[in-house]
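Read through the structures below before going on.
The same chain A turns up in both complexes below, where it pairs with chain B and then with chain C.
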Partner chain A sequence: MELRKTTVHRVAEAVLEGEITAHQLIDKTLKNCSVLNEGLNIFNAVAGVDATEQARAIDEKIKQGGELPLAGIPITVKDDLCYGVLPTSFGSSAFSEFISPVTAAVVESLMEAGAVVIGKTNLDDMGQGSTTLTSPGGATANPWQAERTAGSAGAAAVATGICMLAVESDSGGALRQGASHCGVAGLRPTTGRVSRHGLNAHCSSFARVGITAFSCENISGVLDIISGFDERDAATAVCRKGIPEIIKTPGSEDITIGYPVTAFDFLQPELREVFEQARDDFAGLGYKIKNIDLGLLREGLQAYYIIALAEASSNHARFDGIRFGKTGEADNLENMYFQSRAEILGKEARRRSIFGTFLLSKGNYGRYYRQALKIWELIRQEFAGVLKECDLLMLPTAKNLPRQLKGEVSFLDEWSDDFFCAPVSLSGMPALTIPAGQVNRIPVGMQLVGPPFSEKTLLAVGSTSGPRDTGTL
Partner chain B sequence: MKYEVVIGLEVHVELLTGCKLFCACPNRFVPEPNVNTCPVCLGFPGILPQMSREALQQALTAAVALNCKVALYSYFDRKNYFYPDMPKGYQISQYHIPLGSSGYLEIEDDRGVLKKVGIGRVHMEEDAGKLLHETAGASGGSSMVDYNRAGVPLIEIVSEPDLRSSLEARRYLEKLKSIMQYAGVSDCKMEEGSLRCDANVSLRNPGEEIFGIKTELKNMNSFRAVEKSLDHEIKRQAGILDSGEKVATQTLRWDEDRQETIVMRGKLEADDYRCFADPELAPIQLAETEVEKARHNLPEMAGERAKRFVEEYGLPEYDAGVLTASRCLADYFESCLEFFNKPKEVSNWVMGEFSAHLNNAGLEADQASFVPEDMAELLQMIDNQEISGKIAKEVLEKAFQGGKKPRRVVEEEGLLQISDQSELESIVDRIISENPDTVESYRGGKSKALGHLVGQVMKETRGKANPQLVNELLVKKIDSQ
Partner chain C sequence: MDSAAVGLEKAIEAIKIGVSDPERDQLHRELDQFLGWLEPALEVDTGDLEGLVFSHEAINVLREDTPRQSDLAELQEAAPNFTGGFYLVPKIME
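On to the complex of A and B.
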């Protein structure tokens, strides 16, 4: 069974009906996994025996008549999400053997539905980045062009068919850009739709847990399973009385797609052409295209980084060698902190903590942090305003093609890759990235952004645009 | 004193909730370290806090009890600092918008005039863990951390710099404690750390508008220590000013053993806590009706209760004042009435003997093993003339210390009053025949002489005789002779 060419629904059905056992499926997946991992560096930890046992248990449940909508579906989990069975590194070499006492809510829900965790996927230094270039274990290579980065290891796992669903986190765009770079679909849900319990966020305000999959249909198949109120995450209180879905059906209803004309001016011409083509294709499918204006993208990126750095300096303060991480050898407390934190945090995480500390310090709070909060509010208003004029809007996902693994790039240039993703994070709106086309055989994705809780509309529209990856891996 | 003293107090009060502020761990003292902990209060990565509604309710009650304006919208901030007592590397507190502000409480000033002391803010925060430092051996000392207390809900109550003497500071604390206890939000036991107090103190010339340079005092473990350390600090600052020098901005620690203040840190080391809104917690939103409800449901405070004691139970104002000074004692008094409804008698015994034993044992009324039912049983026995008041004092003492029921003490010690006429008659006859002179002087009109005879009978029966009956029998017998 070629996982890339089928659907989650179809595979689960095959397992439930006994065409293949979960055990056989996972066994095959694990073999596949070790071959591909060697070349691409996808995994921080592979489940191995644990996955096999999980699969056996699922086969047993099926025998006893268990209804498992995700029976045997292999999934990967980004390594900033806790999973009580395998180590959770958070993107630090100091935590390569850390076993969390909890399992992330999303992973729990998927496993209850029959999914099998096959491994924990690579990520940037303390989860901070959209490239994997700062990972303590080295970057994950792009399955389409191995000298470039995958952006996200989970997306690479999906693209290569190692797994069918990748559980990913997304603050400034890691999930979306990874999916974009690997030619697959990825959903960053609305604030409060999906529980973040078990996610070690470097930036709590913007971190969300989402799903990357080969198709929109596959994401649709698990959206209800991972959505809803969870008392362990206060933000999900908006879903306490059910999820306030906004559903529009393409074909039977008029759907207007907003096209922020000036946004595309920030792109290289060859990328711009991809989106103009995608826009025309949408028009060809019967969608109404409406030119709109989004004027605050640049400010949004800056505000995102100010807030994200500030929060990281606080969120990561616990990694001080007292409770968490190796305790540094020193003759006094201050030196012990220096030693411990130098070992736990990599260069990027240290940089972000130092910047964040600076941004929150006396005087700078008003100069930078408070200003960023104001921009955040303006962005929310701008997106809300625009989404009154249209049902959803399209935006590029990544500003650039995936970075070269060996190229020298300044951290500011890397941060600016989030140009189109970070402002969407600030807006709180859900965003779906789907393949838009290719440039030099490298996939390019676009975001569909809708009002809060319009995920089902986005996925429906996304699936009408068809599989746009014409090439093969 | 030629200077005007300016004091402001920052008081931390531990709330009486069942759970910690952001997790389900019990809010209860246990001696064993790191027992009341969970991934939330240990700050495990990926685990989110959830605010306890109970803590919010209690903080709201405290804020309205202190006449504060309540913020309908507030939120938690993070106070960032590196120190091992906080597992997360920050303390969750309210910095930018406190739950309560612009409140006050009333105390008597040095001349006995009622004065309002402003309360700048009342905000919620979590407590830190406890550090235990072992003194250095050959290999250097070590420090241990106990996180049982980490995450316990506190409210911080910051007064305006309205206090003008150490005595006022003490009265402020006593009043605050009474209000918190009556509001039912804290037991405020300073010795156990459920009330902690820091003081800011400065001096200025009378009539001056600008405050002098202040110092901060910490580590005061009793109301007495607060008063003493303030006196010490006022004297120290006055000495500096007298000599024409400037007071240095410092944080000082009160050393109970040496009875003096010791410098902890100077201004250069002042911290920057980089406070910002905690992005993991939802903002605190209250409806106007909730605040009104909290005000409306506010439990009766000491003054109102004293007034009610006078009106409802007919107690003298003095009794009502003494009984309601501590909520515990007032509760004890009212519980006794449920079983024995003679308010003045209960009042006499609760204020007198019972309170004396409490003071000796250093206990609060709710900690005594001599519970209200016991008090009622004791008073009922007096009322039934089974024991005399004098015997009752003895019984109370034994029951208080031994934890026995009063009736059992009476039975075991054979203290029941003798009300049997025939039993007493023979003793009365003997006493009359043994004291002919006294009998004579009674007959001669000296009524005091009868008292002497009663005393003799009481002595004979070791206090157990019913004095009224003895009196009657003596009069009857002498008259009939």
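On to the complex of A and C.
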């Protein structure tokens, strides 16, 4: 059973009906894992015995008549999400052996439905980045072109067929850009739809937990399982009385897709051609295309980085060698803090925390931070206004093809890769990345962005458009 | 030192992150680049707009104030050093 060529529903059905046991499926998955992971550096930890035990427990539950919609489905978990069995590093070598006393809410929900965690996936330094280039364990290579980054290791795991679902965080666009670079689908949900309990968020305002999968259908199969109110995450209070779904029937002229014409000026010409083709394809399927204007993308990116860095400086304060993290060797308390924090935070996390503290300091707070909060409101208004004129809008996901693993890239160039994703994060709207095409055999994705709680519409529209022919790995 | 450079030194002291001299020099250069990069955002006319603090309208919801069982053993096991009924942490008083 090749996981890339089937669906979550079909695999779970096969396990429930006894065509294959969960144990057999996971055993095969783990064997594939060691082969397919070769040279890609996808995993920080592989579950091994634990995954086998999970699978045996699933088989037992099935014998006892358990209803498990995700029976035996292999999943990976990004390493900034806690899983109480394997180490959770948060992207810091100081936590490489840390076993969390909790398991993230999303992981709990998926496991209760029968999914099996097969490993923790690589990520940037303290989860900050959209390339994995700042990972203390080295970057994850792109399965399509190994000299380039995958963007996210979970997307690489899905693209290679190691797992069927990857649970990942997304603040400025890591999940979405990973999906784009690896030719798979990835959903960043609406603020408050999915609990973030168990996520080490560097940026609380924008961090979300989403799902990457080979197809929109596979994401649809788990959306209800991971959605809903969780008293451990106050943001989910919007779902306390049920999820306010916005669902429209796709594939008809009743749906209007906004096409932000000027946004495409920021793209390389070959990438632009992909989106023009995708727009024409949507029109060919019967969707109405409406030209719209999003004029604040660049400023939205900048506002995102002001707020994200400010929040990182605050959120990382707890990693001081006393409350969290290894205690640094020093001759007095003051030096111990400096030493501990220098060891816990990598170079990227140090840069972000220091700049964040600078932005929040007297004299800079009003000039930068308060201005960023106002731009955040302008972005929200701009997206809300556009989505009154159309049902959803299409945007590029990544500004460039994935970065080369070798070679220098400035920190500002790397942050600018979030050009099309960070403003969407500010908007609070859900965003689905789907394959749009290829450039030089490298996948290129696009985002579909809709109003709050329109994920089912996005997934339905995304399904009608593909999966596009992204070739064969 | 200009005001940004002074501000950066104060930020490093405030957040207590050890940086080497070469890294410190690099941070000073990068801060200048970063602040230049942010200029377009500062030019946006935001008028009297109130800043946003949450993406959509929501009210805080309090849970029932009822006692709950905590698995203390699990937490104690997760602590790096739990001895004699106490969580031992590095000395923080001098």
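Quick note on the criterion: the second predicted complex is superposed on the first by the 469 of 473 C-alpha atoms of A that agree within 3 Å, B and C clash if a C-alpha of one lies under 4 Å from a C-alpha of the other, contacts with A are read in each partner's own complex, and residues count from 1 in each chain.
Throughout what follows, a contact is a pair of C-beta atoms (placed from the backbone, for glycine too) under 8 Å apart; a residue touches a chain by one contact, two chains touch by 3 or more.
Model, not experiment: these values are computed from the prediction.
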- Touching partner for A:Thr357 - first (chain B), second (chain C), both, neither: both
- First, second, both or neither for A:Gln64, with chain B first and chain C second: neither
- Message: With both complexes overlaid on chain A, does A:His197 touch chain B (first), chain C (second), both or neither?
- Response: first
- Task: Please indicate which partner A:Ser100 is in contact with in the superposed arrangement: first for chain B, second for chain C, both, or neither.
- Result: both
- Item | Which of chain B and chain C A:Glu377 touches, first, second, both or neither | second
- Between chain B (first) and chain C (second), which, if any, makes contact with A:Tyr365: first, second, both or neither? first
- Message: On the A-aligned overlay, A:Leu412 touches which partner chain: chain B = first, chain C = second, or both, or neither?
- Response: second
- Using the touch definition from the top, say if A:Glu311 reaches chain B (first), chain C (second), both or neither. first
- Message: Contact-wise, after the overlay, does A:Lys347 reach chain B, chain C, both or neither (first, second, both, neither)?
- Response: second
- Note on the structure: Chosen between chain B and chain C, the partner touching more chain A residues is C
- Task: List the residues of chain A that touch chain B in one complex and chain C in the other.
- Result: 100-101, 205, 231, 234-235, 237, 313, 317, 320, 322, 333, 337, 357, 361
- So in the complex, which bits of chain B are touching chain A? 39, 42-51, 78, 80, 82-84, 87-90, 140, 145, 272, 274-276, 279-282
- Note on the structure: Listed in rising order, the residues of chain A that touch chain C in the complex are 99-101, 191-192, 205, 231, 234-235, 237-238, 240, 296, 298-299, 302-303, 305-306, 313, 317, 320-322, 327-328, 332-334, 336-339, 341-342, 345, 347, 350-351, 353-355, 357-358, 361, 363-364, 367-368, 370-378, 380, 410-412, 426-428, 452
- Spell out the part of chain A that touches chain B in their complex, as residue ranges. 80-82, 88, 90, 100-102, 104, 196-201, 203-205, 231-235, 237, 310-311, 313-314, 316-320, 322-324, 331, 333, 337, 357, 360-362, 365, 369
- Given the complex with chain A, which residues does chain C contribute to the contact? 3-4, 7-8, 10-12, 14-19, 23, 27, 30-31, 33-34, 37-38, 40-42, 44, 46, 49-56, 58-61, 63, 74-75, 77-78, 89-92, 94
